[in-house]
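Scrolling down, you'll hit the structures one after another.
Shared chain: chain A. Partners: chain B in the first complex, chain C in the second.
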Partner chain A sequence: MKVIKITAVWCGTCLIMNKTWNKVLKEKNIETISLDYDMDEEEVQGYQVGKKLPVFIFMNNNQEIKRVVGEHSYEDMLKIVSDLENE
Partner chain B sequence: MNRYLKYLVVLVLSFILLLPSTYAKDITLYFFHGDGCPHCAAEETFLENHQNELKDINIVKYEVWGNSENRDLLKKIGKKFDIEITGVPVNIVGNTLVKGYLDDSSTGQKILNMINYYRDNDYTDYVQELLEGNTEVVKTNDKATEYKKKKSTHTITIPIIGKVDLEKVSLSFATIIIGLVDGFNPCAMWVLLFLISALLGMKDRKRMFIIGFTFILTSGLVYLGILLSWINIVVKVSTSILFRNIIAVVAIIGGLINLRSYLKSLKEEDGCDVVDDKKRKKIFTKIKTFTREKSLVLAMLGAVGLAISINIVELACSAGLPLVFSELLTINNISGIQSLLYVLLYILFFLIDDLIVFTIAVITMTSTGISSKYNKYSHLIGGIIMLIIGILLILKPGWLMFTFK
Partner chain C sequence: MIYLDYSATTPVNKEVIASYTTACEKFIGNPNSLHRLGVEAKEVIDASTKQIANILNIKTSEIIYTSGASESNNTAIKGIALKYANRGKHIISTELEHSSIIGPLNYLLSLGYEVDFVSLKDNGEIDLEELENLIRDDTILVSISSVNSEIGIKQPIKEISNIIRKHPKCFFHCDMTQSVGKEKIDLSLVDLASFSAQKFYGMKGIGILYKREGLNIEPLIHGGKSTTIYRSGTPALPLVVSIAKALRLAYEDFSNKYKQVEEMNKYLREKMSKLDVHINSPINAIPHILNFSLINIKAETMLHALEKDDIFISTQTACAVGDYSRAVYAITKDKERSSSSMRVSISHLTTKEEIDTFISSLEKNIKELKR
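Presenting the complex of A and B:
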């Protein structure tokens, strides 16, 4: 499983979720590709991100299996990852 | 066109700011007396002994025994209020008259009651009207002299916050709450965070502190100007009930808009709303340009320019709360230095989230965000506050007069 993490330096929630995700990565070994909404504009456009950040796109064999938007707790994110791993 | 509109708003606000303004709803006690009249002298002493309590009251004295003009005025006042005046002292506030002076505990207390009545209720200076030529007869209000300043019995229940005794809640507490709620809207925070990220790239803590602090300080000063303009407008119009009700309706509408935003946000994820691309990129370019300036002064000027333009745009983002705050100051007869202190207190708490984020960034040299959940609650609490104040402004303006020492 792979995760595309789309955030922005000016987005307070993104800064919080960066920390949350780093905590998750201490528990789970998941390849994470971080994109910046402004710096990596072209790549980001390919994912139809919409107007709310941050966005976590979970992929399996380059197929999107789940998308998580906005602010979530560490426990929530850990559960989401576990559920996806068990699928 | 948009750019000119922005400069027009600044022009109008600064013009209003410079307008000379008479602060607050001034209550005037007209004291007609005679030199050598013992009762008048007794009242004179009484008024002196109560100077502290009457700080907010203008006392205008007319000696009638030696001055025929003053005597004529007193006669006209008798006609204005359709009342027979045979002697002095005579005291007038609004359309209430107190004739003669027995002693402090009776007549003195009546005068204090009369003044308290007009502090807590609508007040029109009919003697001033008469002096301006309006001789239309006015019915006297005789119950004002019996008015007892109610001990705080006004309690209301606010959802979440619970029972609140409005008379005890200090104006400073209300200032802090409204300032905090006003400050927690996301409008300018994203600019500060981008500025911090750009400055972090410089890896120069001192320079980062100077430029970042310049941005926040300028934001505070711009908002200070905006608030003082609001107060200047409200003070001018607040003596008329019509305008006070218009402000009340604006507050109620603002409150409903805030509550609607809160309800809308319940259905959405907590996160950052991406600001319109063009505007965002324009600001990024500005920030990148001035943060890379070799000269620190030019970089600071860039920060000042950015802060001014951002905070004017943000005016629309939080126009409701400053207006409600200004009305609160005005209705409490707060003016001059005291009103400036309240404005500074407001701005301190308005900027507190920016100060926290910036201080952490300077200390840790990393950028931290504030959860967007607080924006949601700022809509909720801001909405409730504006609704309550708007409704009270119409139904019970007296309740909004906090007693505080």
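Presenting the complex of A and C:
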């Protein structure tokens, strides 16, 4: 499983979620591809991201299996990852 | 045309434009040139800097000219972070900050710095007790704005300063962009402060970073010495002259202008309270800003409806397009309300007639858009 993480440098929620995700990565070994909403515009467009950031797209064998948008707690993110791992 | 978006930017005062054009025409030399034209230009810059220092009660050596508040904020945050990385990599801020604070913080996070946001109380002020607990031995910077641009919430800068002063290795940066020219400010409470001329009837493209004497920062723009070693580039003489003029005019007849804005705010609040909207700005917010939320109408739709009546206010969608406003959410705890907020920002130039016309248009458009 890998995660496409789409954030923007000017986004406060993204800052909070970057911190949360870094904490999750201390517990879980997940490949994370970070994309910037503005700098990586072309690639981001391919993921049909709406207007709300950040976006975490969980992929398995290049198939999207879950999408998490906006602010979530560390506990929520950890549970999402654990549930996906157990599927 | 009725302009009620003075916190986004202000129209340039005609006297400021005159000072700018005069400076352009009369002082063509580079202030760093050794010949007579250069010396004359340097004298003009020095006189303007002295004038600014006198108004703000600071030393001339504490003034760094920048291109605006975004550059000032970036210079302060990255400048401290890079200079004092050996002391620590922990920074404290709030979720109410402007994108030019959030941006460098996100950047520093990617470089391995740690950032904590101090919580807000129900009235939007930061939780001072939590701030005290968040400061660690490796905290090098606290960055908190004096006034939030969306709602106008004022932070208790003196109390914040008292807490930070107990930690000599931690510096206090304050984004004063929404305060300078609107409120009386005390720079002795902070180590660094940012602001720009375009918020007080000055020109776009010039701002100041106040940096307390004795404090070192890493410059963002390296090169030859300009007016300071902290920001290289040929000194923008006409802009420096213009910001000095704008600042002087902003604090001229200040009490009367402030009282006028207070009266207009009261009048606006009274009128707004009769409409089908929620007022978000607390009563202790600065009088220049009144934030409100629409009920079952999109803020952007209303903005364009008002625009058709030649009235200009702003929507507030935080920094995330289409997302809810973190600032409004912080004080309302209501996502619906935080995603339909709008900001009216007034000035001493605002008249009762303008407010009456705005209220009529808003009332008419609420009825029409709710159909």
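Note that the second predicted complex is superposed on the first by the 87 of 87 C-alpha atoms of A that agree within 3 Å, B and C clash if a C-alpha of one lies under 4 Å from a C-alpha of the other, contacts with A are read in each partner's own complex, and residues count from 1 in each chain.
Going forward, a contact is a pair of C-beta atoms (placed from the backbone, for glycine too) under 8 Å apart; a residue touches a chain by one contact, two chains touch by 3 or more.
Fair warning: this is a prediction, and the values are worked out from it, not measured in the lab.
Upon superposition of the two complexes on chain A, a steric clash is found between chain B and chain C.
When the two structures are aligned on the shared chain, A:D38 is found in touch with chain B, with no touch to chain C.
Within the superposed three-chain model, A:K52 lies in touch with chain B and with chain C [touch as defined at top]. Comparing the listed stretches 41-49, 131-139, 239-247 or 311-319 of chain C against chain B after superposition, the clashing one is 311-319.
The contact surfaces that chain B and chain C form on chain A in the two complexes overlap at residues 8-16, 50-53, 70.
Considering their complex, residues 186, 189-191, 193-194, 197, 268-274, 280-281, 284, 357, 367-373 of chain B touch chain A.
Chain A meets chain B in the complex at residues 8-16, 37-38, 50-54, 69-71. Taken in their complex, chain A has these residues touching chain C: 7-16, 18-19, 50-53, 70. Put simply, chain C touches chain A in their complex at residues 95, 97, 99, 102-103, 105-107, 109-110, 114-115, 117, 318-323, 326.
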